[in-house]
Each structure stands twice: as C-alpha cells, then as structure tokens.
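Which chain is which? They are A, B and C, in the order written, and residues in each are numbered from 1.
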Amino acid sequence: MQFTANEICQLINGTLEGKPNSVVSALAKIEDAQAGDLSFLANPKYEPFLYTTKASVVIVNDTLVLDKAITATLIRVADAYSAFSVLLDKYNTLKLNKTGIEEPSFIHPSAKIGTEVYIGAFAYIGVDAVIGNSTKIYPHTYIGDNTTVGNNCTLFSGVKIYHDCVIGNQVIIHANSVVGSDGFGFAPQKDGSYTKISQIGNVIIENDVEIGANTCIDRATMGSTIIKKGVKLDNLIQVAHNVEIGNNTVIASLSGISGSTKIGENCVIGGQVGIVGHISIAKGTQIQAKSGINRTIVEEGKKWGGMFVTPLTHHLKSLAITNRLPELDKRIFEIEKTINKLKPQSND
Amino acid sequence: MQFTANEICQLINGTLEGKPNSVVSALAKIEDAQAGDLSFLANPKYEPFLYTTKASVVIVNDTLVLDKAITATLIRVADAYSAFSVLLDKYNTLKLNKTGIEEPSFIHPSAKIGTEVYIGAFAYIGVDAVIGNSTKIYPHTYIGDNTTVGNNCTLFSGVKIYHDCVIGNQVIIHANSVVGSDGFGFAPQKDGSYTKISQIGNVIIENDVEIGANTCIDRATMGSTIIKKGVKLDNLIQVAHNVEIGNNTVIASLSGISGSTKIGENCVIGGQVGIVGHISIAKGTQIQAKSGINRTIVEEGKKWGGMFVTPLTHHLKSLAITNRLPELDKRIFEIEKTINKLKPQSND
Amino acid sequence: MQFTANEICQLINGTLEGKPNSVVSALAKIEDAQAGDLSFLANPKYEPFLYTTKASVVIVNDTLVLDKAITATLIRVADAYSAFSVLLDKYNTLKLNKTGIEEPSFIHPSAKIGTEVYIGAFAYIGVDAVIGNSTKIYPHTYIGDNTTVGNNCTLFSGVKIYHDCVIGNQVIIHANSVVGSDGFGFAPQKDGSYTKISQIGNVIIENDVEIGANTCIDRATMGSTIIKKGVKLDNLIQVAHNVEIGNNTVIASLSGISGSTKIGENCVIGGQVGIVGHISIAKGTQIQAKSGINRTIVEEGKKWGGMFVTPLTHHLKSLAITNRLPELDKRIFEIEKTINKLKPQSND
C-alpha cells in the first residue's frame, strides 16, 4: 500500500508543509524510520529525532516550532499521537481485511452465518451456532453448538469456544484462548477421591471486549461467567467459573480470578495477581502486580498491594523495610545486650 | 429436553408434593430460577428463596418443614444437593452425547479406533495410535503416533498429545492443553550457548484424571512423567519432565511443578504455587496459594505456606507482622533513642 | 529400531567390553533399565546400579574401574553423558523424521515451500508465507500471511504464528504457543473506556531458539519484538510487545516480561518471575524464581531476588528473618516493657 503525503494529510485533516507528492508505504517510530516511512512526533523528548529522522513524512502537533531546517515533509494536526493512532488503525483494517469462506471448513447446516464474514480453513462451526455480520473466524477456531458470536468480531486462529456461550459485538479474542471450559468443581468423597460436579452454565462476553492469547474463561456451574462491556484481558489469564468482571476493567498477564468473585467496573489489575473466590472488588480498584487478594474490597477507587489487601503506599513501605530486616534484627540484638547491661546497674 | 416433575422424581427416587405434570426444561439456582426451571434447596441460608422462587420444581431435603404456602412443586429426597448433582450429570451426558466420525478428519490407517467414539472434524489420529471405546475426540485435537487413549475419555477441541503417551480411562482434558511436549533440558556449552537434551520419555495419565484448559505436561527425558489416578489439574498449570503426581491430588490454576519432583497422594495445592525440582511432597500436604516450595516435605497431612515451607499458621502470623513493619521500625528507633538517654545517666 | 552393541560402539567411537552382538532397542536410566535397553553411567553416585542393572549395554567413562563382575556389555568413551546425549539425539532424529505433505492441508498458492519439509494435515500456510528446507510444520499449525519460517525448524501441533513474523533456522516451537498476537495497548478515554492501539509491528525469532508449549510472544506496536539467537523459553511464558531477549538467555515457566523491556544475553530467569515494562536487564543476570523486577539492572552477571531487585543472598537472609517476625515482635514488646521499668528509676 502506497500513499502520498497529500492523501495522508486529507485523511487526518491536517496542514501540509513540504512535498505533497512524497510517497510512504510503511509506519515507523521516528528514531527507526527509513525513507518511505511515515512517522509522528508527540512526546517533546523525541524532538531531536525530527532533525535526523529519515522518515519521508512526519505528523506533528500544530504547536510545534522548528529550530532548524528539516528534510521530512510535515503534516500538522491538533494531536499528532491520536492522528497517528487513527492511521495505525486504518492500516490494520486494510491489512486484515479477509472475507469469504475458505475450504475445507466445517459449518453445520443448522448454523446461521452473517454477511461479509471470513471463515478460515479448518474452522469449525457447530450445531445451531450463529456468526454475526462482518465477523472473522480464523483457521482452526472452534465454535461449539448453540454458541452465538456477534457482529464485527475477530477470533484469531485456534480460539476454542465451547457450547452455549454468547459473544457480543466488536469482540477480539487472540489465538488459542479458551472460552467455556468446565469450571474446576469436584465434590470430595470419603475415600479421598473426587466426583466431578457437572458444569452446565455458560460464558457471556459483552461488546467491545478484547481477550489476549492462551487465556481461559471457564463456564459457570449454573448461570453465567460474565465478562462485561469493554473489558480488556491480557494473555495467559485464568477466569474461573461464575466470575463477573465489570465494564472497562483491565487485567494484565498471568493473573487468576477464583470462582464466583465479582470484580467491579474500571478496575486495573496488574500481572501475576491472584484473587480468591467468592469475594467482590469495588469499582475503580487498582491492584499491584503479584498481589494476593484474600478479602472483599468495599472502598472504591483505591490502590492496594501485597497479600492482605494493604493500601499500596503502606505495602511498599513494609516491603522496603523487609529488605532491612537483617539490620533490624541486629539492632534488636544490640538493644537487648545494652538493656541487660543496664538492668543490673539500675535494678539490683 | 423437557421432563415432568414426575419423571424427575422417579429418576432420583424422591417423593412428590404438588403437580406431577409440571414441566421443566432447564436447571437453575433457586435465586435465579424462572418458570420452567428445576432447582434445589440444600443450604438453609437459601431457604427464604423457596417462598419467592419462580422455579416450577424444587428438590429439597426430606427434613424440610415448610413455614408457609409455596407455588413450586417439591421433590423430597434424603440429600437434595447430591440428587441435583446427579441431574446436572445426566443433563450434560445427554447434551454432550456426540458420536460418529465427522469429515474431514485424519485417521492414520494403522490407528485402532474403538466403538461408539466421537471423532470431530479436523481431528488428527497418528500412526499406530489407539482410541478406546466411547471416547470423544473433539475437533482440532491431535493424537501423536503410538499414543493410546483409553475408554470413556473426553478430549476437548485443540488438545495436543504428542507421540508415545498413554492416557487411561475416564480422562477429561480441556481445550488446548498439551501433553508430552519436550521437557526443558539443555546442556550449557563453553561459549554460553545451550545444547538441547533430547527428551525421549513419555507422559502417562492414569484413570479418572481431569485436566483443565491450556495446561502443559512435559514428557520425561527418559522414563515417564506420571499423573496418577484421580488427579485434578486446573487451567494453565505447568508440569515439568519426570514429575509424578499422586492419586487424587488437586492443583489450582497457574501453579508450576519443576522437573523430577514427586507429589504424594491426596495433596491440595493452591493457585500460583511454584515447586522446585527434585524434591518430594508428602501425601496429604496442603499448600497455600502463591507459596514457593523449596525443599522436600516429609511430614504427612500438614498445611504450609510462604517461601520457606513454613507451617501455615506461623506463615500467616509472620505475613501479618510484615504489614506492621513500618510501626516496628519506628518503635526500634524510639527504643534506641530512649536507651541512649538512659545509658550516660547510669553508666557515666 | 534395533542396534547391536557393536553398532552403537562405532557410532560413538568407543571401546567395547563384552558381547558385540548384544541387541538393544530402547534407551533407559540405569536404575530402571530392562533387558534390551541401552543405558549410561556418568554420575559416580549411580555406580552401584552398574552391578544390578538389567540393561544389556551400558556406556561408561574410560576411567571407570570395575569392582566386581557385571553382566552388561560396556562401551567405554571419554564422556559417557555426552555420548549418551548424542544417542538420545540420534534416536529422536530417527523417530521424528516425518516428511511430505499430508492432506487435507491449506497452502496458499503464493506461499514458497522448501525441500524435504513435513506439512501435517490441517496445517495452514498463508499468503506469501515462506517455509524453509527440512522444516516440519505439524498438524493444526497456522502460519500467517507474509510470515517466514527458516530451515530445519520444528513447529509442533497447534502453533499459531500471526502475519509478517520472521522465524530463523533451527527454531523449535512447542504445541499451542502463539507468536505475533497483538500487544496489550489501549488508550484510556474520558468515559472510562479504552480505545485499542493497533499493533502493526511483528515478532522476529532468531536462529536456534526453543520455545515451550502454550507460551505467548506479542507483536510490537511498531518495530519488532525480538527473541535473539539461542534463547530458550519454557512453557506458559508471557513476552509482551517490543520486548527484546538477548542471545542464549533462558527463562523458566510462568514468567512474564512486560512491554519494551530489554533483557541482556546469557541471563537465567527462574519461574513465575515478573518483570515490569520499559527497563533493561544487564547481561549475565540471574533472577530467582517468583521475583518481581521493578527497575533496570545495570551491573552484569549478578544474582537478584525479591520485589526490589535485592542481591540474592541479602534477599534470602531477609526472607528467613521474615519467618522470625513473630519472635522479633515479642522481643520488641519485652524490650519496651523493660525500658518502661528502667525509665522512672533513672529519670524521675
């Protein structure tokens, strides 16, 4: 794909300085860009690169004042970063524009398939499944019986969605993630063995959710595990049965949420966090990476860390002192020695 | 699927109170149930819902005494929870009753396929592989050469079992789990690079094991990685080469067991636990979530936590005091000030 | 596969003691070996097994002096462990020697396929993709558009490589790992929702890299996520967008590296480690399992642990004292009591 500086300028409603016919065919960071690349400058820290970059075209803020001559063609806009983001988006939309049904794929005759879909080779669409309009189902993806996928979704290669699940619109799920696997429920028996508790619920994923690669969301025992509108989950996350995650909550990689826990909206949860089951987390809560959350959080909008839901600043202070424990240990020992010397002199 | 209250009643050997012809078509929690749902009441905490539920039929304990009139038809049994579990199970057995071989699938001519199997489209069965009777192999599952899968197993979509592995009977493996990948073994070379140590062993999974989604069990360097009878593994677990996990041990999500470690039977291991290699864990051991186990545990049936295999109650006490370290730090400082004042007065 | 002692002896350039026609068909540990097995003795700790093993042939060090008569045929070499490793390797090379293209597979007409490749059934090779010579693509593997895979690679079943990625030579990727999924990048909006930042970069994996099962390597926002020559990644690892991992660095299972972090060469990183984004780790760094690394490490070749990049020995000392906090807490309390008694007597 090739564009002229002028075409880009019109696309993002900017003002051009330089050569309108300068041609670009790729997007790159200002410090890495080569001839033929389009780049941007938003962070003033990177301004020196503007005078050395090999980029053919650079998008900059309206307010930028040039110190000296430059070789790149400039496009001035109100917000260079946002304008560039829009271009990244258009670039990917053009690039990932597959449509049609590749063969061999397996689409059960009872399945309902929307218009302008992409269904890759070796994709599997089960009995009574529904695939919405403009949705892309990549190769090796599995849609179980009676599962519904909305419009404008992208399910990358190897995604597995079990039966009876409901996926909203504009949902993106990355490769090899699993939705609807059985919750981890077993009844202990007298002989030490376990009997499986059948998991007959489902998973509901609302609109505008994005889920990373190799993440697992278990189906509910009964009822639904629910991932609400706008939630963003990273790679390799565990979401257990009957969990609910509120609107626009973001969770980083390798974290796990145990069964029946309810997480409020607009939370931010770091990587490798563990959250026990059957609790609730207030909206706007932020949890530091690697924390272990073992009780309900009622206060909204606070930051927490550590193993006992400690206010983050206090937790960091405690952690820092943990590192000084060898010193404190010695000081306590010295104090005891001194006191033992003091004691007989004043008490005897 | 529709059943009358009377049919359900006969299935679980109960006593009916109300309308024998009341029809149900779904199972639901008593607080969520709608008309046409079958529910249960076991926990007395939920008893108030019995008088407000919209469920058409509710299974209750024989001993239940009604406070006031109800609209639902009741089925009385000795143990309402167990009876309901049996129904969940029957529901899923009826629901997940696929049989037959879907096309296109790949079954090597040398493979032996049992009776009443389900082999989904795009499943791959390798050279000399064996699939037992009544086993279900979902779409996109890979069974490597010379691997044996027993009877009544369910391997959900995208499970990958490498060559030469042995899977017992009644084994359930959830989507995208991997069995038999190479152990992580490399010999360091003088130039800082590593040479791969070929992993020629296998994985043995005994009867009645259930494995969650996206879990990994590496093959042994030589010999076998062994998952014994009745083990239950959650999602996203790492089991390294030559590990052995004893009968009926349960491990929660995101935990990792390093190479050659032997875990006894009837252990319960929390989420995000890490266990070093080449140690053994006594039977009946319970390990708190997020612990790091760095040495052999010899005593049976104890609870442990933290990074140094500390008895759980002691560990929790230490953790709690960690949170008070800023206060202790100040108190030590104050003590030192006081002592410094005391010292000259009594010693000079 | 059957070999005589004599054939093995010539293969590894050894000296034979015993029956040159002794036949072996499998490799086993000396303590487990049965008749017909080939074994080795390198670690003197295992020497007693030499006199009881049922192995037909045992490879030993040149320097070994026998205490008493043995039944096994011996092959003496300079380094028994290395010689045995060579045999393990040859065994696996013979065993995993698939070639040819199985049907049905999907190879886009524009893709370039090398010589002597294996492409398993249900593998998917996208538009303009390149597969090098002698490379093995197992069933259900997905190679996105415009992605290049080098020579002598093995991509096991279910590996997913998104578009535009570059994989070097002699790369091994285990089942269900994902390369090139979108980095986790979202711009927060005023209403609390997030807008996706399109990820248009790629992943570059250099020669001689091995990646475990169910591991995720995200593509760069722009530019490349780079896994350099000789890196070894275990199962279930998260590598975020724009990360770089230096030559011959080894990372254990369930660890996560956040965005834009650069890890030097020859590092050794334990399991369940978390590393924050936008930092760099000096070459030769060793990080203890379960650590959380929150700042750049400049000094080369050191060992670190804990949550604040603490020198490992100091960290272990602090951890040990953490376990004694209940005792220290009491001692501080006793000190305060004693001082309170002392104070009035000397100050009043």
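The definition used in the following text is that a residue touches a chain if its C-beta (ideal position, glycine included) is under 8 Å from a C-beta of that chain, and two chains touch if they have at least 3 such contacts.
The structure displayed is predicted, hence computed values, not measured ones.
*Asks:* By that same contact rule, can you tell me which chains touch subunit A and subunit C alike?
*Replies:* Of all the chains present, those in contact with both subunit A and subunit C are B.
*Asks:* Would the interface of subunit A with subunit B count as same or different, where same needs over half of all numbers used to appear in both copies?
*Replies:* Shared-number fraction below one half, so different.
*Asks:* Between subunit A and subunit B, what is the gap in Å from one C-alpha centre to the other?
*Replies:* So the centroids are 25 Å from each other.
*Asks:* Give me the residue numbers in subunit A that touch at least two other chains, ranges are fine.
*Replies:* 104, 122, 140, 158, 176, 214, 236, 254, 272, 322, 324-325, 328, 332, 335, 339, 342, 346
*Asks:* In the complex, go through subunit B and note every residue touching subunit A.
*Replies:* 27-29, 32, 85, 88-89, 91-92, 95-96, 102, 104, 120-122, 138-140, 156-158, 172, 174-176, 208, 210, 212-214, 230, 232, 234-236, 247-248, 250, 252-254, 265-266, 271-272, 289-290, 319-320, 322-326, 328-329, 332, 335-336, 339, 342-343, 346-347
*Asks:* If we count contacts the way the header does, which residues on subunit C are in touch with subunit A in the complex?
*Replies:* By the definition above, subunit C touches subunit A via 104, 106, 122, 124, 140, 142, 144, 158, 160, 162-163, 176, 178, 181-182, 184, 186-187, 192-200, 214-216, 218, 222-223, 236, 238, 240, 254, 256, 258, 272, 274, 276, 292, 306-308, 310, 314-315, 317-318, 321-322, 324-325, 328, 331-332, 335, 338-339, 341-342, 345-346.
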